[in-house]
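Each of the two complexes below includes chain A, the first together with chain B, the second together with chain C.
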Partner chain A sequence: MPALLGAGRDSLIHQALLYGSETEFTEEALAFLAEGRGADDALVVIAPPDRIDLLRPGLPPECEFREAAGYFTTPPRSIATAVSVGRDRWWKDGGRVRVVAEQVWKGRDPVEVREWKRFEALVNVVFAGTRTSLLCAYDLRTVPSDVMRIVERTHHGLDYEPPARVYAELDRAPLLPQTGQVAHRGFVRGELPGLRDFTAKAAAVFGLTAAMPLIMAVNEVATNIIKHGGGSGSLLVWSDGGAVICDLLDPVGRVEDRFLGFLPPSPDQPSGAGMWMVRQLCDLVEIRSGGTGTIFRLTARLP
Partner chain B sequence: MDAPSGPPVRRHVAVGDMRMGDHLGLVYDNDTERRSILVSFVRDGLRDNHKIIYKSDSAEPDALVEWLAADPGAEGLDLAQAVADDQLVVRTAREAYLSTGRFDPDEIIGLSLTELEVALVQGWGGVRLAGEQTFALRGWPGTERFGEFERKICEAFAALAPAPAMAICQFDRRWFRSRPLESLLESHHGLVHVDDVYYDGVLRITPTFTPPGLALAGAVEESTFPALTEALQRLGGETGHLCLDLTDLDFCDMAGLRVMLAARTSPDGQERMVLLRGVGETLAGLLKIAGWDDLPGLVVEEG
Partner chain C sequence: MIQELVALAGHLKDLGLAIEEAPETLAVANPVAATVRAVVAVDGEVYVSFGGMIVGSVDDPAAAADRIAHLLGMIQP
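Right, the complex of A and B next:
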């Protein structure tokens, strides 16, 4: 969708910097950030420490640096941080922000990689209409080819596709099967106090003691199923050894919202805030919805 | 060395839970709160076919009845009719206690017991007594025996067991000094407080008066959300700003949080402050994650 390019100060520009050497990275990133200095744009670099070291000498002191590992924790939390910092600083008083960002791909498991691919598509939805110029850097020597294929489909000026299409495609991957002992409990209207107790006990059995965020998330999804879905559902709690996983099944209800819970709630019109909160509270939320109902899978990593 | 003596353990009784034989203190510094308790006391008495005898030190009988009738809780009560039927009797403290020119506890208790017998003969199911004890501060002859009077009421109730009467003695905290007040309260079975507006085993909602609002205990969730919404609606025009005491709230879902924040607009469309008091760590975290912690009109007190 090249029409978005340069379509005015209120539009997102989301471009990719594909580089083959440190020199190439440094020159192109600095040139991109330098374009904003005349316009008084806020300058931000989110990257691994060695990339930050390459850029820092060429940038003014007011430039903001964030370490990639600390920033890219989960896609929903990264979105929340950007939205919050953006509202407070970057976009304040009509300003524009210029960001150079490099993701950490190494050491991520396949599910994490899939979610960070989703993030590439979501950026185009969440930050549409914000005064943001984003240059995402990819080291062609190390970034896997399946990631590069997504990069091409999610950045302006390449083979851009509608974000909903990329997002839906990522949901075609089946959820991993449940393993080990599975605790099960059904729920209907009026039974949430018991469901919260059940969640707390099951989470503790699997080793999660500080389970309040997970309990709140389970309660929120169960409430949605009772109020807006099929009216009753079931909860399955299990563990893959590294995390406690809660599957909430709605045998009837279907999720129509493509980006459910990824768009920040507005204070004036706060509906939809529930799933936003669920995504913030969990380390991973996976939703699969179809003719046979919906499954919400909430994951909380064990410490 | 003597063991340190803590404050005396007192029963705390909701006015709606009072039983025959109860002789309770009502310590107040807020007349709205006091009236709310008294109106519940009167309303329950009318419902149960009790005779209600009120001794007023603050107003003439007509004015006192008008003051009671103006309470929102008196809606639907015909107090004038109750006075006409001799079911509700209001006397000034001066005529009740000073008819012989001197405050004499034994004589007054003797008269009260006679009045009690007469009421039962007339067919009333019991007698409810309520008195404003500020008269004891007027320096009337004999009032130095006021402490003895309170003690002897307790003894008289005990001698009658099962007593066909219950009593509320009102103490204005602004005028009774704390040490004499403490010893006066020792001659009572406990303290009376306002009725809950809602309790279902999951959530308790209790009105508060300084500052005006609601105290919530238990869980705000799918099953209790309608009750909270209704209680907030009812606080409509009565108060300016609104305090929600969440000290004993164990759980709150997003919908509950949302409806509390929405109370920043009163039912008649006025902007007002919502003070959230005793906000726990989890709830404070939710407010921050949602970006709702600095909404205009919202004050969050953690603790």
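Right, the complex of A and C next:
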């Protein structure tokens, strides 16, 4: 039986549709969207093409369809897209949006799966104050069991837990050490131009020629370490074969903001958007922080 | 100080690094370039530093010490 629980019209409703057949998916998703038609909500489907094909005949032409593979690229970029479209259209003038979304789990590596698990918790923080009804669909025949455990803990009406707890649990495992050839350099105040040049040259050695986004991200994180962290740090550039990875080490500073860089800055915000930008520029940003300092691991996939 | 850190501290001292011992952590600095240091703790079967980066296995403290020395040796004063 699908789990459809939750209530309220003026805040986020984040439900899960746990289905075991295409028929069940179609009936429950269309019923959920039909409620929004009566209330004049914006209707959106983000799903794999075969799921879109199941729903499209039962939906009005104004319903918006997005293919999951193109939308769920990285959690920060998916959040940015939703916030941008939502501010421009969905939530404008008191409007509400009703979304059916099905994630792509097949083909994701373990790190990607972990980050999309994190996304499930982040949705409850990022969209908490928005007029959004979100129905996340999970095919019980194919979704991994570890993902289902997170689904239960992040959707309203199930075994819900505070997002910060789920997020912290996903950060519990330390990051693996660098492998292979590692280019390294220390930095302090006044050395950022040299650090940018070093990053560009190291990234090129590992095969990343269009490295400007990664260079900008490294510059931003190093600036934060100098200004708000321990005042100095070190950069390690290496590759796992599929990506160029920059580790920025702060031996003293500690990150207190649990969701650093995931919450969208408001347009009139004077500062504090740097880590949001870093997460947009990189394919993956991992942060571990505690009593032994902080590591920022920035990943840029090779083309 | 816990046994795994005692073992690591011995190897770090042999490498010429400066050590500050605490009950559950080890602060390590390169005496020649001490502007940046590493604080090391034990997390299960591994040594961690920089908030959560594995620097080696507790089964091989000598290798972990080499890695830490390498990290600190690169840092410019």
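Basically, the second predicted complex is superposed on the first by the 294 of 303 C-alpha atoms of A that agree within 3 Å, B and C clash if a C-alpha of one lies under 4 Å from a C-alpha of the other, contacts with A are read in each partner's own complex, and residues count from 1 in each chain.
Quick note on the criterion: a residue touches a chain if its C-beta (ideal position, glycine included) is under 8 Å from a C-beta of that chain, and two chains touch if they have at least 3 such contacts.
Treat the numbers as computed from the prediction; the structure is a model and nothing was measured.
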Chain B versus chain C as contact partner of A:83, first or second or both or neither: first
Touching partner for A:258 - first (chain B), second (chain C), both, neither: neither
Chain B versus chain C as contact partner of A:276, first or second or both or neither: first
Which of chain B and chain C A:234 touches, first, second, both or neither: second
Contacts of A:37 with chain B and chain C, given as first, second, both or neither: neither
First, second, both or neither for A:190, with chain B first and chain C second: first
Which superposed partner A:289 touches (first chain B, second chain C, both, neither): second
First (chain B), second (chain C), both or neither touched by A:177: second
Residues of chain A contacting chain B in one complex and chain C in the other: none
Chain A partner contacts - residues on chain C that touch it in the complex: 25, 33, 35-41, 43, 46, 48-56, 67, 71, 74-76
Contact footprint of chain A on chain B as seen in their complex: 202, 219, 221-223, 251, 253-255, 258, 261, 282, 286, 289-292, 295
In the complex, chain A residues that touch chain B: 80, 83-84, 87, 189-190, 192-193, 196, 212-213, 216, 219-220, 222-223, 226-227, 264-265, 267, 270, 273-274, 276-277, 280-281
Residues on chain A engaged by chain C in the complex (per definition of touch): 171, 174-177, 184-188, 230, 232-234, 247, 249-252, 254-255, 287-295
